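Presented sequentially are two complexes of chain A, the first with chain B as partner and the second with chain C.
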Partner chain A sequence: MRPTSWREHAYHALLWLVALIFFAPIFWIVLSSFKTADQILAVPPKLIFTPTIANYTKLFSSASFPHQLFNSVVLSVAAVLIAVAVSFLAAFSFSRFKPPGTNFLMFLLLSIRMLPGSAAILPVYLMYVGFGWKDTYAGMILFYAMFSIPFSVWILKGFIDGVSPRFDETGIVNGASWLRIITRTILPQVMPGVIAASIFNFIFVWNEFLFNYIIGGISTSNIPVALASGLYSNGGVDWTFISALTSVYIVPPILVVYFFQRYLLVGMTFGTVRGEV
Partner chain B sequence: MSRVRLQGVSQSYRGVKALDDVTVEVASQRLTVLCGPPAAGKSVLLRLLVGLEQPSEGRILIDDRDITDVPAAQRRIGYVPQSFALFPHVSVFDNIAYPLALQHVSRAEIALRVGQVAEILGINPLLSKRPSQLSGGEKQRAAIARGMLKNADLFLLDDPLVGLDFKLRESLMEDLKDMRAELGATFLYVTSDSLEALTMAEDLIVLDAGHVVEANPVAEVYHSPRHLRAAELVGFPRCNVLAGVLDAGGLCRTGIVDFPLSAPTNFVGEVAVVARPEQIAYRADGAPATVRLMENLGAECVVYFEAGGQTLVTSVPSPSVAHLDIDSPFPFVVRGEGLLVFDRASGALVGRG
Partner chain C sequence: MPDIRLSHLSRAFDKFKAVDDITAVFAEGTVTCLLGPSGCGKTTLMRMIAGLEMPTSGSIKFGERDVTHLAPRRRDVAMVFQYPVMYRTCSVIENIELPLQRDRSLSAAERRRRADEVLEVLQLSDERDRHIGDLDVGMRQKVAVGRAIARRCDVILFDEPTTNVEVHAKLALIRAFKEFRARLRQTVIYVTHDQTEAMTLADQIALMQAGRISQCTAPRIMYEKPESRFGGWFLGNPGMNFLVPRGGEDSGLRFDVLPRPLERPAAAAGELSLGIRPEHVEVLLDPAQDTVPARVLRSSITIGGQNLLSLAVGEARLKAKTAPGVPQADGATVFIRCPLEHTVFFNDGQRLPEAVRALG
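Up next, the complex of A and B:
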């Protein structure tokens, strides 16, 4: 085995340093969640302290937080499942049947995603109030699914393009239905793309604040809205609440990214780089 | 039984004809090779037969039954596509069993029949592997096995040996011929490789630019082609085409060889004379020429030489030309007997020397 050179040691040390710098805010917030308000704000910061779970007890015993956590999970999971299912079928159609104007339609799809949320908020709000969808699970899930579809179609089309149509034809010649070809032949081959699209959508919906704040309400508010609405307490910023809530809030995305990080790379390249996934 | 007939079949893509008024017959229980240069329309013809595309015009019949509008799945045709198209997420066994699984055949029968076809193709030890664990040749065998497993009397193979090394191709060619004989089925085999066509075929269909140039038993196509393009496209090394003139007395002059036709003809005018490589011999008292390229194949050596401003090719025993090099003199003679004479304008056969 080749001995490690000092350059490689220096390079690894630099990587660790950068990683630790990026990890520092997470470390700080998680550490703070086990401190009292005085300990959080102490200067210099207290690294040696008696940890307390009082912040978590208070958080989970509040009337609204468990419900908001439940909402975040339900809205994210449901929207992702619907978005990915619809996007997969749309991407398959674009990839295989190439309807006239496919390139323009694909551009339109992506341009919708490029639009800042604030540009769409008023018409969406008026529509939701008009239809009676405001602060309903179905309405919120529908909105998040629709907002997630364009990017998912882009990701999945790249993956499906990479699956040879000869696979479809083998199915057709041997008497397989389109549904069977899609679910048993194409889907398993583009699973990395499906997972990548699901991760991106999950993180988007999990972090979404603006639309939940405007077209959501007490029944459907999620954790970002809970964070904003519980920010101030007793005339100042409630750091104990923020640190405990944020520590809970970041767990699902961290777990998702940790376990599925290899799919993120292939997802970001729209399937053009396969990778060993 | 599976006699295939195409009647006036054309196929266009955005106004460009890939196949133009093709009428041809594939004899039952024979191994017919469809050959031609790239973009001749071979794969298009196969896709029409298998039902992956509908012809713009014409009818397709199998055993006198019109199947032009019959869906692909109901045609009972075994198909081996050009690419392997092996599903990467399932085992080789499941890949091969795919047609039977779709027909809801019992597991026991699937296992039996997959085992049989795998035995013939020598891939039994590979059945539990994934396609990604196979070599190119093994993948091709698995793809052929899947195509062969379907309950069918007609099998279409789209250039199944392309890209494989020579030894592997040789072995698979034998396997395919044995398999055809064992199944007693009709095989239509597509290739753009002239040597492969000659090796495999019982009957040969020569396709060029969307037209059937010739369809006959392979020996007939090679020795007595009816069209200049068939002579040009079938043969290895390629044939030599000499420009010549046929006079009213039946004498053909090419500038390299002059010879009389063996039978009288009314044709007079410009002709193309086809000399197969074996009709040209290296002889010390022959016409002068210069070696331009030599390809030593072991026992034989393919020599490309320049004579009268034209590059000709011949195949001679290697020892006889071992002393030659590029630019060496290469005296040669062309035997007039058996030379094929075609109308240069239409390509039709006029006569032979």
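Up next, the complex of A and C:
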């Protein structure tokens, strides 16, 4: 076995240090969620304590949290499903049929991502109030789907470009419809891209605060909004509430990233050169 | 099975004519190889027959049925591409069965029976239930061939199916192709740039050059009697030797490789040349009747142990294929004979139909 050099030791130590720095807040918040308010604010911090699940019991027995958790899940999943379905068909069309102005349209799509959310909030708010979509599931899902589509189209077009048109042609000659070609031959091959796009969109919607706060409401508020609105209690910051809620809040993204991390990597490197088939 | 009739078929991409006014008939139940160098239009022609490319002008008929403007699915054609195109989520048998599902008249049992039959013909029965991702490229291409023949279409199109498979898989594919041809007599168009493949598989070869079919005939005839110098040069390894006469036409046509002058054909008004295949050039160690002396410029050994000699006769240069045993030393003198019955004469690049006789 090759002896490990001091450089490698130093490199690993550095990686551990960076990982610990990034992990420390998560560790602190999860640990705090099992403490009482006094224990959380104790100086010096208490690492040895009797854990309690009282914060979680209180959180889940509150009137609003289960509903807000439900909202977060519904909005994220529905928006992602719609966004990916629409984006996949749009990307397929751009990739295969190349309508006039494809490059310009693709740039236009990307340019939407350049726009800060706050720049769009006022017209969106007025439109939603005008249409009566404010604080409705359909309205919120539509908005999140719309906001997720441009990036997804970009990712998926890169993947579909990498699938040889010979696949389409085989299907055409064999008498398959476009829908069948898309579902049976193209989709299985770009599945890593579809999953990568879904993960990116899920994390975006799951973390989204601004638009939910402005065009959402009591019926559709999600966890980030719940976190902001429940921050203060009895004239001070309610750390027990924050720690328990945050601990629950970070579980889905962690699970998604953990189980699909290889697709995230694929998504980040999309558009790289691949073979004919 | 119908024949395929092309009438004044053309396809242009902007100003470039990929296929230029082709009129031809590919007989029913035969294998026609479209052969030619890269960019000669053979794939474009085949894609038009498949319906994947629309002609700029002209028509395509399958028998009496005009299919020029029909969608591919309505033409009853199957196609095998250069790369094995597979349904990746399916097993081998499912890949073959999938296109059959379109035919509502076939029961599930009949579909399965037909797919199993194809697997047997292609000797793929052992791989029947394997996932397609577990097979190598050669095996996948075999499955692609199976999927094409299982539909029992009127016409099957092959677009250089052996280009991307390794040698053993290529031979297996060719064997499979012959096997299915022996059982099912579908009309087949086979695009290739590999002349050996074309000579082995085809009932007729359509030799293409610059968007046109320069000759369409049986492989043997095409090899022996090419219609043009291009055909003589393109077929064979190496291609045909071409020799031009040297002056003194008053007393007939004189070629360096022939001992006696030839009578000038009446139809030969343009630039005349003589063609002879390297294997038809007889090389002797001693002078004999109708031989001329030649100098060995270079000698190399070809596949099968034959010698390939580069020879100089006066101003003329030619190649000869000989059996092992003939001296190979560079600079050696040998004696060559070019039998007139194996020569072909071209006038301005086109073969002269009439025989050319020796004077005296």
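The criterion applied here is as follows: the second predicted complex is superposed on the first by the 269 of 277 C-alpha atoms of A that agree within 3 Å, B and C clash if a C-alpha of one lies under 4 Å from a C-alpha of the other, contacts with A are read in each partner's own complex, and residues count from 1 in each chain.
Rule of thumb we're sticking to: contacts are C-beta pairs under 8 Å (C-beta built on N, C-alpha and C of every residue); 3 or more make two chains touch, one makes a residue touch a chain.
From a predicted model like this one, the values you see are computed outputs, not experimental measurements.
Undergrad: Should the pairing of chain B and chain C on chain A count as a clash or a fit in the superposition?
TA: Once chain A is superposed (C-alpha atoms), there is a clash between chain B and chain C.
Undergrad: Name the contact category of A:166: first (chain B only), second (chain C only), both, or neither.
TA: both
Undergrad: Have a look at where A:219 lands relative to chain B and chain C in the superposition and call it first, second, both or neither.
TA: neither
Undergrad: Could you look at A:175 and tell me whether it touches chain B, chain C, both or neither (first, second, both, neither)?
TA: both
Undergrad: By the touch definition at the top of the document, which applies to A:4: first (chain B), second (chain C), both, or neither?
TA: neither
Undergrad: In the superposed arrangement, does A:188 touch chain B (first), chain C (second), both or neither?
TA: So A:188 meets both chain B and chain C here.
Undergrad: Which chain A residues lie in the overlap of the chain B contact set and the chain C contact set?
TA: 164, 166-167, 169-170, 172-176, 185, 188-189
Undergrad: In the complex of these two chains, what residues of chain A are touching chain C?
TA: Touch list, chain A to chain C: 164, 166-167, 169-170, 172-176, 184-185, 188-189, 276-277.
Undergrad: Note which residues of chain C are touching chain A in the complex, please.
TA: Those residues of chain C that touch chain A are 50-52, 71-73, 77-79, 81-85, 87-89, 98-99, 102, 144, 147, 151, 157.
Undergrad: Per the contact definition, I'd like the list of chain B residues that touch chain A in the complex.
TA: Within the complex, chain B contacts chain A at residues 50-52, 72-74, 77, 79, 81-83, 85, 87-89, 98-99, 102-103, 146, 150.
Undergrad: Quick check on the complex: what are the chain A residues that touch chain B?
TA: Per the stated touch rule, the residues are 164, 166-167, 169-170, 172-176, 180, 185, 188-189.
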